[in-house]
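Next up, some structures in C-alpha cells.
Both of the next two complexes hold subunit A, though its partner changes from subunit B to subunit C.
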Partner chain A sequence: MSKNALFYLALLTGLVFLAQSMLNDYYQRILSVVFINIILTVSLNLTNGFVGDFSLGHAAFMSIGAYLSAVLTLPPASKASMMPQLPMWLSQLEVPFVLATILGGLLAALVAAVVGIPVLRLRGHYLAVATLGLMVIVRVVAINWTAVTRGAKGINGLPAFTNLWWVFGWALVTVYVIWRLVNSSYGRAMIAIREDATAAAARGVNVTAHRMLAFCVGAFFAGIAGALWGHLITAITPHSFSFLITFNVVVMLVVGGMGSISGSILGATVMTLVPEFLRHVETNLSLGGHPLYGLSQIIIAVTITLVMIFRRQGLLGGREVQLPRLFDRQRALPRARVDTAG
Partner chain B sequence: MFSLPYIAQQLVNGLTLGSIYALVAIGLSIVYGILRLINFAHGDLLMVGAYLALALLLNTALPLGAAVLLPMIIVGGVGVLVERLAYRPLRGAPEVAMLITSLAVSSVIQNGTIMTLSAQPRAFRLPQELIAQQKLGVVSFSTLDAVSVALAVFLMVLLTLFVTRTRVGIAMRACAENLRAARLMGININQVIAYAFAIGSALAAAAGFMWAGRFGSIEPFMGFLPGLKAFVAAVIGGIGSIPGAMLGGYLLGFAEIFFVGFLPPELSGYRDAFVFTLLLLVLLIRPRGLLATGAEREG
Partner chain C sequence: MKRILSALLLVCLVLSLAPFGQTLAAEPIKIGGMYNVTGGMSSIDAPGLNGMKLAAKQINEAGGLLGRPVEIVAIDGKTDQTAVTNAVSEMINVHKVVAIGGLNDSTYALAAGPIAQAAGIPFVTAGATLPTLPEQIGDYFFMTPFGDDAQAYAVAEFAVKDLGAKTCWMLVDQAYDFTTALAAFFKERFTALGGEIVLEDKYQSGDTDFSAQIARLKALSPQPDVLFVSAIPNEAGITTKQIREAGLTQPILSGDGFDTPLIAEVAGENADEVYYSTHAALDNPDPKVQNFVKAYKEEYGRAPENAFAALGYDMMMLIADAIKRAGSAEPKAIRDALAETKDFQGVTGVISYEPGKRVPKKSVTIIKVQDGVYSFVKEFTPE
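Moving on to the complex of A and B:
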C-alpha cells in the first residue's frame, strides 16, 4: 500500500473516531446511513454505471441480506419465543455478526445469479422490470413464509450490532473491491460492454459472464448493506425495503454520475444529507394549514429529471476525483484514462 | 376434483382481470415499441384515472359513462403533457436516461397525490346497479365485470381500427418498426409519439376505473403493481406488438386466476410472486414473447 493510501486511510479512520466520540446519537445514525448508502450506490454503480445494464434490485437484495442475517444473529432465546416453528438447528444457531453479514450478502448474490441467468442474456432493459419483479417476489415470500420471517409483523429486537466502525469498514471494503474490479481486465471488459456489447463480443469478451459478475457482486454488497441496515434500525418488516429505497439509490448514483466511484460516494453523501434536511423543512411547512408531506420527494424527483435533461453525466461526469498526492514528489505519469462520460 | 361450473367461473374471473391487464399493457407496449422506454409512470396514470373517476362519482351527478370517459380524456392529456415535459427533451439521449426520468415522473405523480390528497386509502364506491350480481347459466359476475370486459373489448377494437385504418395509426406502426426510417419518410414523429401517449394513458385511465371498482379502494401507490404486471403481460405477448399486449394481458389474467383457483389455498398468498416468476420463465424460454415483432432490436 502506498504512503498516500495509508495517509488517507489514517485520516478517515481518525475522522470516524472523532465522529464516534463527539457526535450525538442522531448525527452518528445519519453518518451510518451515509456509509450504508455509499455501499449501496457504489455497488449499484457496477451494474448500472460500468456495465450499462439497469438493475432496480437493490431493495430486494437488501431485504434478503437483512432477513438472513437477522435470523442468524438473533439469540436462541428470542428465536424460541418469536419463531417457534424454526427448524431446530437454525433456532439453536447464533452466528457472529460479521459472518451473518457475509452470509446475507452471499445469499443475495446467489439469488441474483438465479435471476440473472434468464435476464442477462437479453439487452439490459428487461433487467429493470425483472429486478422490480424480484422485489415483489421477495416481499411476498417475506409476508407468507411466516415460520422464518414472522410474516407482516416482521422481526424486531435485532441486536444493535451496527455502529460507525462496521459501516465504515464495510464501505471501505466495498469501495476497495469495486475499485480493484473496475480497474482490472474484468472492469475494462465491462466498460467495453457498456460502450458496445456487439463489438465487445466480437473482441472475445464473454458478455453474459461479465454482466453476471457485475450483477452478483453488486447484489452481494447490497445484501451486506441490508444486514447492516437491519442491525442499525433493529427491526425489519416485509415493507422495510420498498421501491423508494431503490429509487433513492438510483438518484444518488445519477447525481454523482454513473461510471464514477468517487461520484457514487459524493452522490450518496449529498443525497442522504439533503433529503434529511428537506424532511425537517417539510414537517414544519404547510400551505394554508394543509401539510405538505411528499414535497421533499417531489423536489428530488424533479431535480433528477432536470439532471437527466441538462447534465446527464451527473456531478462528476464519469470521471474520478484524484486525491492530491502528498508524499511522492516525483509526479506519476498521466495515466491513460478510459473516457466514461458515455 | 374441480367441477365444470367452478372452472367456468374461474374463466370468467380470468377474463375480467385479463381485460384490465390488456388495457394497461397496450399503453406500455405502444410506447416501448416506438421509444424503447419502459414507462414506469404508466401505472401511476391508472391511479390518477381512478382518483378522477372517484371525484366525478362523488361530486357530480354526471352519468356513469362520463365518470369513465372524462378521466380517460383528462389522463390522456396528462400523458401527452408528461411526454412533452419530461421525455421529449431526452429524445436521442441514451435509453437509460428516459428510464430514470420515468421513475422520477412516477415519484412526482405519487407524491403529488400524497401531498394534495393524503396517502390514506379511500373507498371507491360504485353505484348499486354496477355492483349487482348477475347470473348467466352456472357462472355469476357483477355488472361491473361485464361492463369492464365489454368496454375493454370495445376499446381494443377501436384501437385496432385506428392503427390499421387511419394515417396516424399506420404512421404509429411504422415508427414502432423503425423510428429513424419513419422520420426519413416524412412522418411527424413528435405527433405520433404524442398520440401514442394519449392513447396509452387514456386506456390506463379506463383500466384504473375497472381496477378500483374491482378492489373497492384506491391509494396513491395503487398503480405500481398493475403497471409492473402489465409489463409482464406485454413481454409475454411480445413487447411492441399491440395484439401481443392484448393476448399477453388475457393470458396473464387467466394464469393468475388459475394459480389462485386451482392450486392449494396456502399458495394463494404467493400470486404476485407467481406472476414475476412467470416473467423469468418467459424470458428464459421465449424472450421475444409469443407474437414477436421485428421491433426488438438487439444491442
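Moving on to the complex of A and C:
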C-alpha cells in the first residue's frame, strides 16, 4: 500500500474516531446511514454502471441479508419467545455480528445466482423485470414464512450492533473490492460488455459469466448493507424493504454518475445529507400557519429532474475523483479513460 | 475540476459533522410529535398530529404545564423506517424532548420505540394497536389505544349479551397479522361465553369474489346467529355487499378494520345490521367527544377526519396529565406517572394502566351501520 493510500486511510479513520467520540447519537446515526448508502450505491454501480445491466434488486438482497443476520444474531432467549417454531439448532445458535453479516451477504449472492443464471443469458432489460419480481417474491416469503420471519409482525429487538466503525469498515471493504475489480481484467471486460456485448463476445469475453459476477458481487454487498441496516434500526418487517429503497439507491447512483465509484460515494453522501438537512428547514418553516411538510421531497424531486435535464451523466459523469498525491512524485499509472455510455 | 470536486466532498463531510439544529432556551417543555405526515400513512397520521397540536394549544391557553408552555417538536417520518428512527434520535439528542408521542402503525412504532427506550425517554403510541408492543419494546413504551385483544373481546361480549348470539360463522383474512389475531381473540372470548363457532372460513386480502365462502355459509343448517368478518378496510364493503346479496340477514360483526366509509359506499342499501368496534364515535353525545369535535372544527375548519385525530389529542393530554401528577418534567418521573395513570378521561375512552401493564384497560365503542348510516351504539369496557 502506498504512502498516499495509508495517509488517506489514517485521515478517514481519524475523522471517524473524532465523529464517534464527539458527536451525539443523532449525528452518528446520520453518518451511519451515509456509509450504508455508500455500500449500496457503490455495489449497485457494478451492475448498473459498469456492466450496463439494470438491476432493481437491491431492496430484495438487503431484505435477505437483514433477515438472515437477524435470525443469527438474536440471543437464544429472545428467539425462544419470539420464534418458538424455529428448528432447535437454529434457535440455539448465536453467531458473532461480523459472521452473521457475511453469511447474510453470501445468501443474497446465492439468491442472485439463482435468479441470474436464467435471466442473464437474455439480452435487454429482462434483469430489471426479474429483479422487480424478486422483490415481490422476497416480500411474500417474508410475510408467509412465519416460523422464521414472524410474518407481518416482523423481527424486533435486534441487538444494536451497528455503529460507525462497522459501517465505515464495510464501506471501505466495498469500495476497495469494487475498485480492484473494476480496474482488473474482469472490470475491463465488464466495461466492454456495456459498450458493445457482441463485440466483447467476439473478442473472447464470456459475457454471461461477467454479468453474473457483477450481479452476484453487487448482491453480496447489498446483503451486507441490509444486515448493517437491520442492526441499526433494530426492527425489520416485510415492508421495510420496499421499492422506495431501491429507487433511492438508483437516484443516488444516477445523481453521482453511473460508472464512477467516487461518483457513487458523492451521490450517496449528498442524497443522504441533503434531504436530512432540508427536513430541518421544512420543520422550521410554515406558510400562512401551515407547516411545509413534504417540501424536502419536492425539492429533491425537482433537483433530480434538473440533473436529468442539464447533466444526464450525473455529477461526476463516469470520471473518478483523484485525491491529490501528497508524498511521492511518482506519476499515476496511465489509466484507461472510459466515458459513460450516453 | 477534480480539485473542486474533492474540495466539495470534504465540505460535505465537514458539514455533516456540524450540528445544524440548536437547542433553544430550556423554558418550554418539549414533547416530540412523531408522525408520518407524508407518504402512505399520512391519511391517518396527519389528523393524528393535528389532534396532538390542538391539545397542546389548549394546554398552553390554560396556562401550560408546571407554569411552562408546551412545545411540540414535530418531525416528518415520511412513512420510512430509517427516517422515523433518525427523527426520533434527533428529537432526543438535538431537541432534548422529555417525552415522545405519535405513530399509528406497529411497523414504525417497533423502529422508534427502542431508541426512546434506550435513551430513557417515554414513548406513547397514539394509534398502534398490536397488544404486545409494550412487552416487545420495554417499560418506557405506552399505548393510548386499546389492544386488538380488547376490541375483539368487546365485540364477542356484545354479540353474546346484546344480540343474544349462540352460534357464529367466521370469515378471516389470512394476509394480515391484525386480522388473524383479531379473529383468534374473538373466538377465544365467544367460546368462553358459551358460544359456538360453527364454521371458520378464510380468504386472502385482495380477493373480490366470496361466493364459495358464502355458499358454504348458506349450506349450514341451522343458520348461525351472527357473522364475524375479520377484514381490513379494503374488503369491508365488498364482503358486506356479497353476504347481503346472497339473502343472508344475520348481523355482521367486525373490528376497527370496518371503520371506513367503504361499507356505505360499496354496499349502499345493503349496508344494514353491521356492527363494529372502534376507538371513538364522533356522534357520541358525550360532551367530551362533542367538545373535541367542536374545537377541532374551529381550529382546522373541518370535522376530525377519523378516530386517529382523537387518539392524537388523547395521547398529548395523557402525557400532560402525567407531567402534572409527577410535578416534574423529568423523563423518568413522567414514565413513573404514566404507569400510574388511572381513570384518565379521554375523548376515545377512559384510560387506566393496570400495574405492570402499559396497554390501557379502556372502553371500546360499538358502531352500527343501518341503511348506509353509521351511528353510535354503546361504549363499554370488556371484562
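Things worth noting here:
Heads up, the rule we're going with is that the second predicted complex is superposed on the first by the 307 of 342 C-alpha atoms of A that agree within 3 Å, B and C clash if a C-alpha of one lies under 4 Å from a C-alpha of the other, contacts with A are read in each partner's own complex, and residues count from 1 in each chain.
Just so it is clear, a residue touches a chain if its C-beta (ideal position, glycine included) is under 8 Å from a C-beta of that chain, and two chains touch if they have at least 3 such contacts.
Predicted model only: the values in this text are computed from it and were never measured.
Of the two partner chains placed around the shared chain by superposition, subunit B is the only one that A:132 touches, whereas subunit C remains out of contact.
Once chain A of one complex is fitted onto chain A of the other, the partner contacts of A:117 are limited to subunit B, with no touch recorded for subunit C. Look at A:44: by the touch rule set out above, it reaches neither subunit B nor subunit C. Once the two complexes are overlaid on the shared chain, A:167 sits clear of subunit B and of subunit C alike. By the touch criterion stated above, A:54 is placed in contact with subunit B alone, subunit C being left untouched. When both complexes are overlaid on chain A, the residue A:305 reaches subunit B alone and has no touch with subunit C. Touch criterion not met for A:249: it reaches neither subunit B nor subunit C. Legend: residue contacts after superposition of the two complexes on their common chain; A:224 is shown touching neither subunit B nor subunit C. Look at A:316: by the touch rule set out above, it reaches subunit C but stays clear of subunit B. Counting contacts by the rule stated earlier, residues 143, 293-294, 297 of subunit A appear in both its interface with subunit B and its interface with subunit C.
Taken in their complex, subunit A has these residues touching subunit B: 48, 52, 54, 115, 117-119, 121-126, 128-130, 132-134, 136-137, 140-141, 143-144, 196-198, 243, 247, 250, 254, 292-295, 297-298, 300-302, 304-305, 308-309, 312, 342.
Every residue of subunit B that touches subunit A in the complex is listed here, in rising order: 36, 38, 86, 89-90, 93-101, 103-105, 107-108, 110-112, 114-115, 118-119, 224-225, 228, 231-232, 235, 269-273, 275-277, 279-281, 283-284, 287, 298-299.
Residues 2-3, 5-6, 8-9, 12-13, 15-17, 19-21, 37-38, 73-76, 78, 80-83, 85-87, 89-90, 92-94, 106-107, 110-111, 114, 118-119, 130, 136-137, 175-178 of subunit C touch subunit A in their complex.
On subunit A, the positions that touch subunit C within their shared complex are 15, 18-19, 23-27, 29-31, 33-34, 143, 151-154, 156-157, 160, 229, 232-235, 237, 239-240, 244, 262, 265-266, 269-270, 273, 276-277, 279-280, 282-283, 291, 293-294, 297, 315-316, 321-324.
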